[in-house]
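Look for subunit A in each of the two complexes below; its partner is subunit B in the first and subunit C in the second.
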Partner chain A sequence: MTTTALPRADEATPRPLATKHRRPADTLFHAAVLGSVVIALGFLAWLFISILIEGAGTLSTDFLTQKASQRNPSIAGFTNALRGSLVLMMITAFVAIPLGFAAAIYLEKFAPLSRDALVGVARRRERSLRVRLERGEISGVRLALARLWVRIGYGWARIGPPINTAVEVNISNLAAVPSIIYGVLGLALFVSIAGLSKSLLAGGLTLAVLVLPIIIIASREAVRAVPSSIEQGAVALGATRWQAVRKQVLPAALPGMMTGAILAMSRAIGEAAPLIVVGGITFGTAIPSLNPVNAGDQPLFAMPLQIFNWATQTREEFHQLAAAGILVLIGTLVLLNLTAILIRNRFTRRW
Partner chain B sequence: MADSPATTTDDRLVARSVETPELRTETSDIAPVTTDGKTVVFGCEKVTVHYGRARALEDVSLNIYRNEITALIGPSGCGKSTFLRCLNRMNDLIPGASVDGLVSFHGEDMYAPEVDPVDARRRIGMVFQKPNPFPKSIRENLAFGMKVNGIKPTGERIEKVLREAVLWDEVKDKLDDDAFALSGGQQQRLCIARAIAVEPEVILMDEPCSALDPISTLAIEELMRTLRERYTIVIVTHNMQQAARVSDRTAFFTVKVSEAGRYGVLAEYDGTQQIFQAPKDQRTLDYITGRFG
Partner chain C sequence: MLLLGAAATISVFITVGIIFTLIEEGAGFWDNTSVAGFLTGTQWFPNGDLFGVLPLLSASLLIAAIAAVVAVPLGLGSAIYLSEYASEPVRRVIKPILELLAGMPTIVLGFFALFTLTPALRGLGVLPEGRIYNALSAGIVVGLLIVPLIASLSEDAFRAVPRAMREGAYGLGSTKRIVCTRVVFPAALSGVMAAIVLGLSRAIGETMAVTLAAGSQPALTGDPREGMQTITSAIVQISKGEAARGSVQYESVFAIGLVLFVVTLLINIGAIALVRRYRTVYQ
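Moving on to the complex of A and B:
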């Protein structure tokens, strides 16, 4: 019997490449995702175009500089609303940005939150006490207090972590609370308790509370994105923790933090509901002063309120004014978001 | 002795070698000078480290001597980096880390409650595994450490430390360029320059070459040999050949598994030649001959 030798690899005829064939699942998926984008953008475009058609005729420099009027639509303008919104933004930014940044830095860089961190804090306290005891430096009441302090440390290490987690989760939850709830809070806190009247100041503070969680969350992300090796490098050179954070971590995180802050501002500028709750549907004819120091005496008024006011009128001319107001508001929002994107693209670093 | 900004590194070193380190016998039994005349920089006694509840390192006792290169070797997870970070209190930064036992620096307990860890770190510089320049210019990278320590970052000083780190010729024309534009090896030498710039006495290196190519590694090893004249160097390395090439003394760490978990212990500590040619511990022998790890 003859043995047939297997063909050597280079002798075997290679199989030809397969021809293309349809993959229906792929095509279907492709169509579905594309369709979703078209539907989403389509609605937005429809909305924008219809407002553009209605409002473009009314939009002019006169519209931006004339006072508000509820009687005569031909001379009614957007000045009061624009100025009101500007002052509101100044107050909101002034309060929410520093607070939000500071809270984010504390939570990311200084707060001992985890169980391990808290056990470490207590251990260090205990060690320090032991050394002082060995040297006979501590006795009597101070010793008793120091012992208590160590015990508190270990106790907190046991019960603290879930509390910390609850606080952290709630910061995230706060960002999702409907804005009208913040209006109720602002009305109670700033108008009733603090007695700020239904002013721009009360409105600005309410918006600040509203965007604070958004700023904290975005800033924490930005701080976390800076590798810890940067901070360690600074500390290893003899910098204090604070110097390391302020001079190295913060500058590196700032573009991200600013992006978050600007996006939070663009959220605040479009809010109507909390302002309606705080200030009611007022209609001011007085032009608000641009000086934020006077904001406590200025009636609460802003772009979304003016748009709401005009849109609920019966006469068609007022609807055109509302459309023009919406265009100004959208323009401002686009400008803010564009700034945020530019900062992100220009300064973001890949580590 | 506070260093005035005008004193150069050389003056300082001369001044220090005349000084006898203050003896604090009540906190330390380790004599700062051994019988053969070597100065003890770090005396460690039963150093144990925990991260949270987990033990990372147990009962390490060894002395580190002045103007020597001491290598710490051993398999992953043996606690050699953890030990290194005890020597300049970098473990303070890790939430939950705690150090027990005695680490003395020139005879003084480094972990005594009144000791300022910031001053300790300034005198004990550190270079990390991955080059970690600040996201700034080369000049600013060097100036930062100088400024926080009250040293004026003059052009002259910057040139001096860059020369010392053998980087000057490569970067002299681009001092204001972003440090991230440098190659990995150059970045690591910049980090060494940055550490030297604050005029430390000791330089701790945590696997300084593990992210570098062989040529950059060679450059850094050369640099270490020159730096030994003026500094005390402790280096953690995965690379046994590197330890054999550059170090005077080698500590071999290993992993111990017990009911307390997996943690590092010191297996053997001796002159580098002794460790590599005639180790006394079976675990060291197994490791250096490649039978384990």
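Moving on to the complex of A and C:
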């Protein structure tokens, strides 16, 4: 029988799988997903080019050193805004970074203890107290304090884990709260209730509250990246848990934490909305002092505020000033990001 | 250690502080305006004591919807490209550039919308002659802003789909498109939904781009070519005028701030619930 038999599997010429059933739809799909990346990047390029065209002519050293002006665009400059942003960043970093790092270490290293582990901690405390009591080493006020410490240990074992879970959920929710809500909080808390007036200090504190959850989340990642064997090694050599974290985990995690903190700062420096709510738009010509200690009575100037102010003026020259301001702002952001990348590449250890 | 714990607890105080100030500082507002009148009022005119939140809320939702129309296809397309099509070197170049877009101050996007995109849309005939403020260009730039967010969260979801599932589909003769649309996408659906919902909540809370591009004229309209005022830009407008503490304008900031907070919180809780409900765990 002479049938045109199909070639046997081992005789068939192997064809690359990728082209086997390729139809126009496949090519179209590839083009569509590639196209979406190209469109997104295209908009970014368009944005850069249009702002560069608008602002490059105005950007000069005069622009950076002259005072702000609402009336005469030819002598208006960015000094007030630059200085204001610098002071804001100092206050924000000073408040938010230590708090954020501390919270991150706590949440990553001490909070995840289970109820049983916490009961164990309290039992050890009780045992060592009993030993010291038998030896007659402890009495009076110190005994009472030690007993209280034991009771706190047992109490925390009961309420600690749910509290820690609540804190955890809360931080991820805070990171998603719109930034303008932080402005409303700052207006009520720092300006109306604490009476700080609409100053750089009030603005800096508001931004600190805004970036705190961001810093906590980024720093936790960095702490988590340090392998637990490092800490366990230290504990095995006789260090307490606290010593192991402070001397081993913290130094190893610090570059990553700094990177996260710098990126959070670059978020803060571009924020305009919360500052407007806290301080309104400042029309003064006072030049803010660079000393953050005086920030309580300095008018609230910042780069994004000045840009907003100029962008809402009617005359075309002011729009060019705004574009030049944006170029300075973006330049600052790029610098901050490069620093973060540098720290990450230079100091982060691979385990 | 206690100090570290105290630092972590501060975050709880922030949340309590937000809720407390939104309610307490705005308490006087409800003496003059009833809750029902506030929620159903169709006119927002703070200086004339007309406080109806509907025009602001509808503007916020409309702009978020335009943003979603822009960002969902672009974000998902980019995510599929980055996780399934792009080679590793290409990915390493494109991802940081997309993140640059995510880190762009929103005032920059607002400037771009007002002075570049809007004239371009006018030139194309989409917007009528002489129109400056409009929801369309605001929505488009807010969409661009959330493209990286949606892309990066969805990409994580796509990458979490195990390789074996893809290999199985390829082994049955599927092309890359079939694997993407019939295997990877359904498996990652919960993560993708969460990404989109989080993007939406970001869009509703967006302030500066919307304030610059959509203007400050409250309008209860569904026409994206009109200018309109969102909740966020209403807060900016009142704050700009430095309303004194105790005035009804000052208090209205906290009232609409509360609406914004509740809306975004509900969306975020919804996103988390979505993920929990539909998550498929693969070993």
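Here is the rule we go by: the second predicted complex is superposed on the first by the 266 of 351 C-alpha atoms of A that agree within 3 Å, B and C clash if a C-alpha of one lies under 4 Å from a C-alpha of the other, contacts with A are read in each partner's own complex, and residues count from 1 in each chain.
Please note the rule applied: a residue touches a chain if its C-beta (ideal position, glycine included) is under 8 Å from a C-beta of that chain, and two chains touch if they have at least 3 such contacts.
Quick caveat: nothing in here was measured; it's all calculated off a predicted structure.
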Q.
Just to be sure I read the superposition right, which of the two partners does A:Leu338 touch: subunit B = first, subunit C = second, or both, or neither?
A. neither
Q: Examine A:Ala286 and indicate which partner it touches, taking first as subunit B and second as subunit C; both and neither are also allowed.
A: neither
Q.
Between subunit C and subunit B, which one touches more residues of subunit A when both complexes sit on the common chain A?
A. C
Q.
Output check: A:Val167 vs subunit B and subunit C. Expected answer is one of first, second, both, neither. What do you get?
A. second
Q: Pick one for A:Ser229: touches subunit B only (first), subunit C only (second), both, or neither.
A: first
(Q) With both complexes superposed on chain A, which partner does A:Leu189 reach: first (subunit B), second (subunit C), both or neither? (A) second
Q: Considering only touches as defined above, state whether A:Leu148 meets subunit B (first), subunit C (second), both or neither.
A: neither
Q) Thinking of the overlay built on chain A, is A:Ala56 touched by subunit B (first), by subunit C (second), by both, or by neither? A) neither
Q: Overlap the subunit B and subunit C contact sets on subunit A and report the shared residues.
A: none
Q | subunit A-facing residues of subunit C, complex | A | 1, 3-5, 7-12, 14-15, 17-18, 21-22, 24-25, 73-78, 80-82, 84-85, 94, 97-98, 100-101, 103-112, 114-116, 144, 147-148, 151, 170, 173-177, 180-181, 198, 201-202, 204-208, 211-212, 232, 235-236, 239-242, 245, 253-254, 257, 260-261, 264-265, 268
Q) In the complex formed with subunit C, which residues of subunit A make contact? A) 17-18, 20-23, 25-26, 29-30, 32-37, 39-41, 43-44, 46-47, 50-51, 54, 98-100, 102-103, 105-107, 110-111, 164, 166-167, 170-171, 173-174, 176-185, 187-189, 192-193, 198, 209, 212-213, 216, 242, 263, 266-267, 269-273, 276-278, 280-281, 304, 307-308, 311-312, 319, 322-323, 326, 329-330, 333, 337
(Q) Which stretch or stretches of subunit A touch subunit B in the complex? (A) 112, 114-120, 123-124, 127-128, 131-132, 135, 227, 229-241, 243, 247-248, 251-252, 349
Q. For subunit B, which residues are in contact with subunit A within the complex?
A. 26, 50-53, 88, 90, 93-98, 100, 109, 111-113, 118-119, 121-123, 125-126, 128, 130, 132-135, 144-145, 148-149, 180, 191, 194-195, 198
